[in-house]
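The structures considered in this document are given below.
Both complexes below contain chain A, partnered by chain B and then by chain C.
After this line comes the complex of A and B, so read on.
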């Protein structure tokens, strides 16, 4: 009974917060009001909710929360979150765009990056904002849409090819328990190409932060977008494993002949939930989803993906891998949805896990929901330990057991890591993995 | 081309849709404690049985109907069902001659001529049949032969009278009445079913079989099956179901429980062919069944094989709890849906013991406007060291108006467990069809050949007599559904 009361409190608080800050929030209030209504209907999902059955959101949102923070980052704190030496850096500080730290003054031709609150009158923004992330589908999408206070709008003009990666740094440093709702909209126009890296880090551990980040990505006809999420909440504070709550929703929509690849690397954070919804809204589209999660301690990592094939002749390919240690738990829930019209669809999904500890848990639910007959769809999942034969093979060649295992885990992860196209980023992730299995 | 053949298929008639003109003794419609007392009294049940029913009924009243399955159907009105229907005259039958000739005709139409079984008496492959019509068991054959070996095979009602200690001990031990909505309903109103006990060290010399048939209109069928295999025992059990064609939806909510002791093995095969409704999706049986077995002790084995072609809505998950060390669970399934049929079926494998193994092979075929889902759970608990699971779920789509879905749940809490799952969805390969056709095999036959090959892994697991029937059933259900 006690939990229910508390739950209502956080829900009621959110609604109260909305009422009091409504006038100061940017953009169209009708969108926000609809979202709030959707949120009040859904509430914070309990453990009986099918979609949130393996993550305890009630526990994560227990206690008092503020909805914004005025705490400022120091340059030094910011520096520790940088890992790409040659990138267009965009800093989202506690859920809001920070123009001082962002390097958005001299952008390449065709690229526009502005604070989302300054973009509300932009026609492209109006055309796409909140059109794809469905507030009735998920309470956290609704929460974000109702309460978001900042983020960026990235626009890549027609036929523009942006060579440098755009690095959106989500950095959190709060002094009291805070729920943050940052929101980004990325629109890549026809024939344009862009690479986007989103990283999530917390640099201060004084209080609990609950980051509910949402990014909408529009990939217009024949555009090519490469998207990376590096979730490493505790990277700057390696001794603290007991904090870092992140819900990261990515909603993509693709038009004819476009190519969208997204990578999700979950390296640390007490509770990480990824909602990845991809809509293939026209013909001859290619989509790739890659993911790697390395969990330890008491971590809970939950990856939900939905690939919605709406039109014929599209390909999607999904590969998620995980290594689970200690008392951590990892969940993979992937759905391939093929609609009636989407004939000649090729959709593949693969999830592989290694469980290293006695107390770890793996839950996996790969799903196919198919309403068209001329398709080739498959999924596969496997869970097991490191192959004894392989360890024996390596040991017979003079490797110690520890280094044999390390080598095998590297090999296991490399299938996903090798899909990273930015050298600096790949090296960064590789170094993280090496350090992890030292 | 494809459409023509589909049309032809869709208009195919359900050949078991006759009604036998047998007078039935019905309870009034509706459900309340009085009805339960009425059923219990009719069955001449002891007090403890009635109490169990009432407890289940009171619990059932607190429950809500489950909605999580990928099916949609009008909510059954539980007050509009006759919960007890017995073919009249109900007398104790000793030989077939005493059976109502109308009833015998029914069996002949069903293609399970008891006469034939009798004639085969001297042959190896004999089948002992228990026939449950509407709600009560009407005939159990070969009872004497079986009792020589100490095997108890009788109707559930008889077992309650004659072997109350066994029934008391095992009933509800695998599927408690608190398990789910329909299990609770069944526990409250079940009218009959089959009971089978194989004593220690006995290998049942023949296949045991139950035939279920719903005959009277407006009735629901709620039977209960309990199979116990004591140490080192073995039994192969078959179940078949048919129903007449009716415009209304009839409810079938059965419970099957299996218990295996040390080194015992039970093989349970089902050919489910309840009336699926007409081509517009009118009528048909709602088949909401709870089937579960427990490998209670070491080295035991439970194997489920099912061929599901009937029912308007199917909601069925034959499961195995692998409690004993080294125990084995198997699930082989072919589910075919056509017209407006909906099936949400699969299995649960709960690994608790060490070195437990499970295999899941599921083949779904959907045609017409139907939806066919596989939903399964593989859970490896902490301490279930070296558990092993392999699952394969394939779906075949015929036509562009149907759906095929896979919802597997895999939960692993032990690092030594190895679980593999794979699933595919596709249509019949054009190249396979072309290959057959270029060798002079016509379209119809080629499809039959390919579908049979597709299901072979499962059909091979059926006992011989059943495999023939199942193959025919598949051929009838699907002939030429694809072009």
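After this line comes the complex of A and C, so read on.
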């Protein structure tokens, strides 16, 4: 009972916030109002919610929260979030686009990056915005759609090939408790190619932040998009594990013969919930979902993925791996829908975990719903400890127990890490793994 | 160099080694033969430091140092090398990278600086040639997808890289065709010096035509029941283990 009261209080606060600020929020008010209605219906999910039972929202949202922040990043704080030398940097500072810190003035031909609030009258924006992330599907999609105060609109023109990665840096620095709802829309037109890196970091932990970030990605026919999420909330304060709440939703829609690969690396953050929803909306589409989570301390990481095969002849391939330490908890919930029309679908899913402690928890749940009859689908999950025979073999060659374990950890992660196509990014992630198991 | 005295070891309460005595001097090659399940691999695992076994009695020293006190890695750093009967596959760990780490950790243990990258590569090349290991294998993940023979050859390659004082080869000949056997034996012989020693565990005297032992021991039910010159291996091959059983009255 008490739980419901608390969650309802938070919900009411959010609704009140909407009413008082709606006149100043960008974009179409009807979209927001519909979203708010959907949010009121769903509320903040409690522990009894099937979809959110492993993440304690009540705890995450305890206390008073503001819904925006005007706090500015220092140049030094910004610097600590940049790990790709050669990238088109887009800074989302406390949920809003910061043009001064972004390198978006002279962009390559075919690429447009603007503040999302400046894009509202753009036809492409109007065609796609909020058309795919379904407010009735998830309360955080609804919350974001109702309350978002910023983000970027990225447009890659037909047949344009953007060589450099576009690095969207989500950085949080708040000195009072704040809920942030950043929102990005990325549209990659027909036959175009782009690489998108989204990173998530908190550089100031004096107060609690709750980041409800949502990115919609439209991959038009024959386009190729490589997408990365690097979630490392505590990167700048590695000794602290007690902050960073992130709900990160990625909603993709793909058209004919397109190829979309998305990677989710969760390296730190007290609570990280990923909702990855992929719609394969035409034929001959290829989708790859790779994930790696390293959890320790009291961290809670929850990956929910949904691959929706709507049309025939598509391939999806999902690989998530996790290393769980201490009292941390990791959840993998992978849904695959193969609709009646989606004959000749190939859908593969695999989730493998290494549990390093007795107190850690892994919840893994594949959910395949197949309504077509001519399909190839498979899923597999495994959870184990590090193989003692392998450790002994390496030690018998002179490696310390720690180095042996480190090597095996890298080896376990490599299947996912090796899918990173940007060298600097792969090195960054590898260094993080090394550091973690030193 | 190696001195094993009255060694008893058990696993899950079951005694496998029941009082082993063995003295190996530098420059020597000892062969250990014995029927399946007699404890040959157990002895090698105990020497290498596998923690599953409980040592209930006895002692093992290497050049006067108490080996049983040391962790597996420190034994390796002191110069013990075990070529495993069944080398594990370690996908994702490159042969070369792990050997580089091994060599440098051994060097650090001895107070030496890490090996220069180019010296390491030169060493790899040299030793690869010695055991005629395909360069591609050296660069792959440890033993992953290797044939039985390739795994054994990789063990000898690692041995060549690490230049141990005491090498224990646990049935390195099993599953090797005659050409591979000759290569492996030639590798072992080339690495032999007056400062190191080798223990070869085998079921077949054929290997001993190529790696000629100074002493042959017969291990039976966890004890060395007979030791003798290399001719003992021939006798064993002719008569089978039954004659041992009769001799020891088992």
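Just so we're on the same page, the second predicted complex is superposed on the first by the 436 of 438 C-alpha atoms of A that agree within 3 Å, B and C clash if a C-alpha of one lies under 4 Å from a C-alpha of the other, contacts with A are read in each partner's own complex, and residues count from 1 in each chain.
The criterion applied here is as follows: a contact is a pair of C-beta atoms (placed from the backbone, for glycine too) under 8 Å apart; a residue touches a chain by one contact, two chains touch by 3 or more.
Everything quoted here is computed from the prediction, not taken from an experiment.
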item	value
Joint occupancy of chain A by chain B and chain C, clash or fit	fit
Chain B versus chain C as contact partner of A:395, first or second or both or neither	second
Partner chain in contact with A:382 - chain B first, chain C second, else both or neither	first
Which superposed partner A:407 touches (first chain B, second chain C, both, neither)	second
First (chain B), second (chain C), both or neither touched by A:365	first
Partner touching more residues of chain A, whether chain B or chain C	B
Which superposed partner A:76 touches (first chain B, second chain C, both, neither)	neither
Nearest-approach distance, in Å, of chain C Cα atoms to those of chain B in the combined model	14
Contacts on chain A seen with chain B and repeated with chain C across the two complexes	none
Chain C-facing residues of chain A, complex	387, 389-390, 392-401, 403, 407-408, 410-412, 414-415
Touch list for chain C against partner chain A, complex	48-51, 71-73, 75-77, 81-82, 84, 87-88, 90-93, 97-99, 101-103, 105-106, 109, 141-142, 158, 162
Residues of chain A touching chain B in the complex	50, 340, 343, 353, 355-385
Residues of chain B defined as touching chain A within the complex	68, 382, 395, 397-427
